[in-house]
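Two complexes are shown next, each including subunit A; its partner changes from subunit B in the first to subunit C in the second.
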Partner chain A sequence: MGFFDEPFDLMTPPEGRVEGVAKVTGSGKYAAEYKVNGLCHAVLVGSTIAAGTILNINTSNAKQVAGVLGVITHLEKPVVPGMADEEKIKEARFGLPVFHTDKVYFKGQPIALVIAETLEDATYAASLVSAEYREDAKTVDFNGTLGFVSLTPAGKDRGDITALNSAAHSIEAEYNIKAEVHNPMEMHATIAEWTADDKLKLFDKNQGVNNVQRTFAKLFNIPVNHIEVISEFVGGGFGSGLRVWPHALACIMAAKLVKRPVKLMLTRPQMFYSVGYRPASWQKIKLGANADGKFIGIHHQAKNGTSVYENFNEGITRVTRLIYNFDNLKAEAATVPLNLSTPTWMRGPGDCTGDFAIESAIDELSYKLNIDPVALRMKNLALEKNPETGLPWSTNYINECIEKGAQMISWKDRKAAHSQNIEGDWNIGYGMAVGAWNAGRGNASAGIQMQKDGSITVQTAMTDIGTGTGISMQNIAHETTGISKSKIKIELGNSNLPPAPSQGGSNGLSSIGGAVVAAVNALKLKLAEHAALQNEAYKNVAAADILLSDKGISLKTANSQFFISYASLWEKNKLGILEVEASSGPGAERQKYAFCSSAAHFCKVRVNRKTGKVKIERLVTVSDGGKIISEKAAANQMSGAAVGGIGMALMEEQATDERLGTLVGNDFAGYHFPVNADAPIIEVAFINKPDPNINPQGSKGLGEVGIIGTAAAIANAIYNATGKRLRDLPITPDKVLLG
Partner chain B sequence: MKQEYNFSRRFFLKTSSALGALAFIPKGVKAFYEEVKNFIVPKKEQLPLTVSINKKSYAIKADTRTTLLDLLREDLNLTGAKKGCDHGQCGACTVHIDGERALSCLTLAAMVPGKEVTTIEGLANGDKLHPMQEAFIECDGFQCGYCTPGQIMSAVACVKEGHTKSVAEIKEFMSGNLCRCGAYNGIVESIQKVAAK
Partner chain C sequence: MRPFLFSKSSAINQALAKKNGTTQYIAGGTNLVDLMKKHIAEPESLVDITSALPAKIEVTAKGIQIGAMVRNTPLANDAIILAKYPLIAKAVLAGASPQIRNMASTGGNLLQRTRCPYFYDVTTPCNKRKAGSGCSAIPGENRMSAIVGYSDQCIAVHPSDLCVALAALDASVKVQDKSGKTQSIAFTDFHRLPGTTPERDNNLPANALIHSIEINENAFAKNCAYVKVRDRDSYAFALVSVAAALNLKDNQIVEARLASGGVAHKPWRWLEAEQYLKGKTANAATFEAAADIAIKDLRAQSHNGFKIPMLKGAIETALQQCLNR
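Presenting the complex of A and B:
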């Protein structure tokens, strides 16, 4: 086991990620790929109606199929203690009480699970399960329903919003964004094995093994450490793995029923209604400024879709309080229940939705004011302190992001008025927008094991969903120990390793980095303890004064005579494998400072007047993520997020059919996200200045800010090119033509 | 006791054409179809096959419904080819069949005897990585790595096909391989690097 390149140990791999060889050779194992003896397969059956009650389920045909081992429905199922009755189900807060209700809340809701020897047997048998229902009224139409729910305050008012009435210039507009689906390339999958009556082993796709562990310990009423969760290679998440979803519980129930290990992988169509999505949203913004462009205030209203069985509030107006100085601010929000599965956090949750509206409105205002959009933003940025809490920013270089981005894209080439840059059928335009995200940090632990030859293995339970947790841990361990990278291995994504928070909200590296530094310090002290037996000088030294290398330990302050090789240290002290574990987390600095990551996005588009096609010619992303730990992985994160932003701006849309109460086009033919040719080579740069307070390594999370603002930059560029202000996403060619 | 029906292919074809003929009575068709479906609980058919994968010959018995992708992943423990959609829409399952890129999820196992299948596991030469694999590591042509084996198999073919004259051409001929992480920068760079050699 190890998140590194085991089989190719003997050769020198090219410089890259710790798990690079495992990924390019296909040897890295994702959840559904482990070889488990006696494994059988489970396939979910979804409801064919969107709302109602199951009257009767016919499973007898399915059971006759050769190879079928069992069928689970709400009528016949193994016991889940944490869902024994209504009360417990409520307490569990698991969301959909899968197989514990006869109610149907959305189309595709699992109503049965077929377990069989092979995937083919299970898939075929599942197609033979049928049900009778009593149907209830339903709706999946967000825009048609949002008028029926009323807004309530989202946070405290600032000042008095009536001040907007005296604004020299103002904008009032509505914005609509269609639901988007995470769709990581790896479909969610679980292999569940009960190794004893009260011991469970899971190979599972998720973004937080400890979260999965805790959830099932509660549901099955067994100790947390009786559940082992292995998620070493995770094929993307973008938020879909931050929750534990019904299919994982279904798989565990199946393993209990057939007393064998069971594998369940969702199909791609099931991915659209089983593991969350970014809900559809509506926003209204009123924004005003005085004649020289100083913002007077903002009124931000937002609604987002949710399911009928759970309330999910996106927090769309949160970002309104973060970036600019608005002396007067009012925010209101509401959720709109629909017969769809529950949405969840998706990359830049809330903020990237809210930011689209704000940054579009500011762009619109800039044309009214006749002030360059860059200058207008510079005038109003909250650069000193967090405008909401009043705490000074620890660091905030959003202005530098803007300056650098403007230079990179050559902003001076932009025409101040729209529709001024035309080549044949194509209109060319430039747009920009900024984004910010509250930079967090959680409590995390890391462990280090050291061998006699000076090689170390750094461990954490945290996953690496592709963000580069592994390579970043290696880099931090290398920098703080001085031990060569080739002698540093990484193990992660396993609940048996030191616990860590889930990997989401751009908190991953911010949290685990501190833990690695703490573990390195613990290792240094432990080595010094042993060294003190050989040399008094090591007694009571501070970690900061201890130097390590590939060969041994020495002291910063003294000369080389204090050097002790690991070999002699191990010999003298009869050491085996030296083990340390340490935790680290946020502290008093959170009371003194505010923390944010930020980014500026610049875009050059070409819009075809005849076809409405939008071609992104250039996309520049400059971000302030504190110190960059792994340049390549960080740049990859940012360019990947920008590609996600192109999807949000131009193509991603989960369509629904109100008459049938269903999703439409729930596969990659019906739901488009950017392919290679849809994106230009994304141009990425960093400010790369450490934040001295957030964590020992000085890095702020990047995953979210990469997508917060991208869609607005694109929409603003389309306006500059064509004079069409398009406020509904995605901006498909029909909207461009009709706009 | 399991019921075993054994309908001939001829019966099934007849049934399908009957379904076609009934198309003008939608309600009836639906009911009829359900009936038929409930009746045709087919006997599972296993085919003896000899397949050659990564120059190794496997004599196996495969379900006639098994795709090459499931054969690789579920039966042969060759999990390098990934399942990203199972519908020919994502490219994660790309392998080479007789040297050409092919989607293993759209290929039945029964179609490959007599052909040479190469998967990502067969690309490296012993301990020596294929230049494309090396390039993907150096250029960070992936994040989560799930689309990567498919990308690399396509990339190798893309170079061989000569579709590397410009960034735009590479992007066009790599657009059958989706990457949700959006690692397209590094993918293009990797291909340029290998094509330049």
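Presenting the complex of A and C:
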């Protein structure tokens, strides 16, 4: 690997983002910020009941408001072809058949859409829409309902878990995690414009423009290339943008109805039930080890909430099969239908839920065994091969993550017994946990446009939701071309650009990196083709032998006289803009190796005995993400994920009211996620060793592992501080006090 | 938001002249705008009083007068406040966010409405929002609700931090009515308990505006503390909060003040505990005994039993912090 071998210069601060200036100066446009001629505004009206049938909707008061252009309900609407009847709705697999049903499945479900000249008019008119319902029985109480659904096997058993019965030490415990909501800073929004009867242009907040394109092409029965999706700037996603949600369809329907471009932006309260959330979950773990700490096996049972109109299984037990050697393993799962909107993937989906239970149980077991939690993990890590598939890991440095993290937090300062470190009203404790994630890669394309002056623009349809995709593409293009970064422009988040997968599951950079390398190779060959007309030495050369610079092309194997400037190449060949496009994706290596990213989290907490307040004093996150392509963006991912982990551990909770069938406190006063005051400076480090097989640049995705294990590290630290084993998240001060 | 008429008044009597049943005043707007967006407040006309009310902090013969339009940020940074009434600054800084504090006014702080989630959800019954519709919090999610002074019609709590400090310091509220008459309302009488009229938060006369807050000179500047226990460390309402102030001679408590937020429909004074502290030696045992007195008759809701031990711990912590100069 020749990548990024330049020594790190401490005098030069690590680079920021290619889009950084546009973001901080406001010139970068988020979906709702585009100026479109003739734009009008749409506002959703939600149901006031959680289950039942709409008998009647009164829209006449709304229609009388000055400026109102139209109202959509299930009774008056432009029919979406892909939802024309029950059968098509089923086929479409869109989830909620918004405005194509009289059924209400959850409170807040859109029952009407008001379109008006201004947002103010539309908002006011929307408040005047009322409905009559026939109410049905409903439930939003996950813990009260989960007993009614039965577990089914989640994957194949390994060995026989009756072996646990002979374990020298075992733990059997239940874990509950409340629903959490993504709440990206930018609320979801769509501007829809029908530029012709069968041509649609969308400015939309999402994590994958091609996914949006495909979804609406299918629903409206129009060719994919008749839909243009622009998502150049995305203010965070955390998984909420991986699906296409009803509000985007509603906006497109509105544009059809009023024959004008329409903007629909969700309000913050609507964000809590319109774009998914991490479902509430219950888990039971039985974990056993022999006297010297070798794991004998694990029985992992999990249930998560879903909606009544769609099944969403979070995959909580997936991670059980990934990190440790369990010769005997049984995993079971179930979903619990509730009168809530459908949940979805949220950062570290499934794995961060499952990992909390496993890593809490291992910590508990370590005290029983009287073995240090670090040593206990080291003894049982599956370091050679994926314990599920048996394939050897391409690379897996989880042990190095643990070693480095222990050193950074000074793990030796931890007292082996709980409640031994006390300062006044505060108990101090240390905890740790690990996390891992199957490191993926998808097929992606990238294009390069080159100008006569040697400047290039690297393009892809992939979005950059804040992960640093843009800066990483620039770094890879720089490393592979030798062209200065200042001469490399990045364009992304537009469906007119070369197609790429959605940005989720920590696959973004892993996928697009290979495409950039492929496009660079295509550019080199194309330039060589033109150069061959001036110098035969360029005939049939391999991309690897071609050298580019800011000024021109030359050959690795030849002397400098073969150098041809771009200027002369352009003039001789009468070139305009040179364009190439190439694709890249996973291949045979996936049959030979298993791939994972991993992280170790270490935490030092202070717990106030009098008030139950938990203060996180230090949080260390060391991860194996292969080669780090853009250090600052990668560190930003890890510290952001760690802060998300603090939220999961200590405060994030979407409360519900069973009697009223409603969410409680669906705003930022009611739903707490951490702010700066809740987090120390997150101490981030990387192992930074390339994975030689996963993709050309050797990087493995990082977004998920930053949060997988964080909550357990915090809960384990609280135990070390206080002796209170808290198995239900979030661990708010009341739980600490009464625990 | 319902459309409304907007006007601006540059003098208090001019603003008062516009008062009728469908008018509301807007100062910082940090609560009212939320209420209007959610159709909880639907004024037909809105009068901007940011230029109509006093915006100065003035030293008076008896103490200090804080104009109703003094915003939270300058209030918390004021040199006189910091020197002589630091409890006020501590409480203000424990509330909201810098952006909100830049906007929020002193008068508005007193008049902010509860943050009970049901009050903000117009699809649910709420006696405070709609008299007689029922209380959703009593059988529902009441983790944040009151543990003292509540009624069978409302268990909401007052959300202010500043008001807890003002109650502790025996401030008074100077109000002016349409006729130009002013009167002074003792701070502890300003806010109401819910009783059978939870829709009424306070005793501000219908035709009056808050002019200013007055605080008499006191001996609490040296030994005071504000402790707020909350789910996150900034921009969150109190689970419980405690304003504590001691007048110490050597290590003897000459006089004590103890008030709490997050426990009742109004800022709550722990008078019996204050009485107990008087004349005692300031130490952990005394503080614990005082806290025990404060919590002895409290009755929690179905989901907030934790508030009672938490309050005890917060009172002890606050009293202890009074000693850390």
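FYI, the second predicted complex is superposed on the first by the 724 of 739 C-alpha atoms of A that agree within 3 Å, B and C clash if a C-alpha of one lies under 4 Å from a C-alpha of the other, contacts with A are read in each partner's own complex, and residues count from 1 in each chain.
As a convention for this text, a residue touches a chain if its C-beta (ideal position, glycine included) is under 8 Å from a C-beta of that chain, and two chains touch if they have at least 3 such contacts.
The structure displayed is predicted, hence computed values, not measured ones.
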By residue count, which of the two partners contacts subunit A more extensively, subunit B or subunit C? B
Considering only the touch criterion stated at the top, classify A:198 as touching first (subunit B), second (subunit C), both, or neither. neither
Per the contact definition in the header, classify A:467: touching subunit B only (first), subunit C only (second), both, or neither. first
Would you sort A:118 into first (subunit B), second (subunit C), both or neither based on which partner it touches? first
For A:665, decide between first (touching subunit B), second (touching subunit C), both and neither. second
Would you check which partner chain A:657 touches, where first means subunit B only, second means subunit C only, and both and neither mean what they say? second
Contacts of A:676 with subunit B and subunit C, given as first, second, both or neither: both
Is A:91 touching the first partner subunit B, the second partner subunit C, both, or neither of them? neither
Footprint overlap on subunit A, where subunit B in one structure and subunit C in the other make contact: 120, 124, 127, 667-669, 673-678
Per the touch rule above, subunit C residues touching subunit A in the complex are 1-3, 39, 115, 117-118, 120-121, 123-124, 136, 139-141, 143, 227, 229, 231-237, 239, 304-307, 309-310, 312-314, 316-317, 320
In their shared complex, subunit B is touched by residues of subunit A numbered 8, 10-11, 13-17, 19-30, 32-33, 35, 61, 64-67, 118-121, 124, 127-128, 130, 182-187, 233-238, 265, 267-268, 465-468, 632-633, 635-637, 639-644, 667-669, 673-679, 681-682
Subunit C partner, complex, touching residues on subunit A are 48, 107, 120, 123-124, 127, 425, 608-613, 615, 650-651, 655-657, 659-660, 662, 664-665, 667-670, 672-678, 732-734, 737-738
Where on subunit B does subunit A make contact in their complex? 2-4, 34, 37-38, 41-44, 63, 65-66, 70, 73-74, 77-87, 89-90, 92, 119-121, 123-124, 127-129, 133-134, 136-138, 140, 142-149, 152, 167-168, 170-172, 174-188
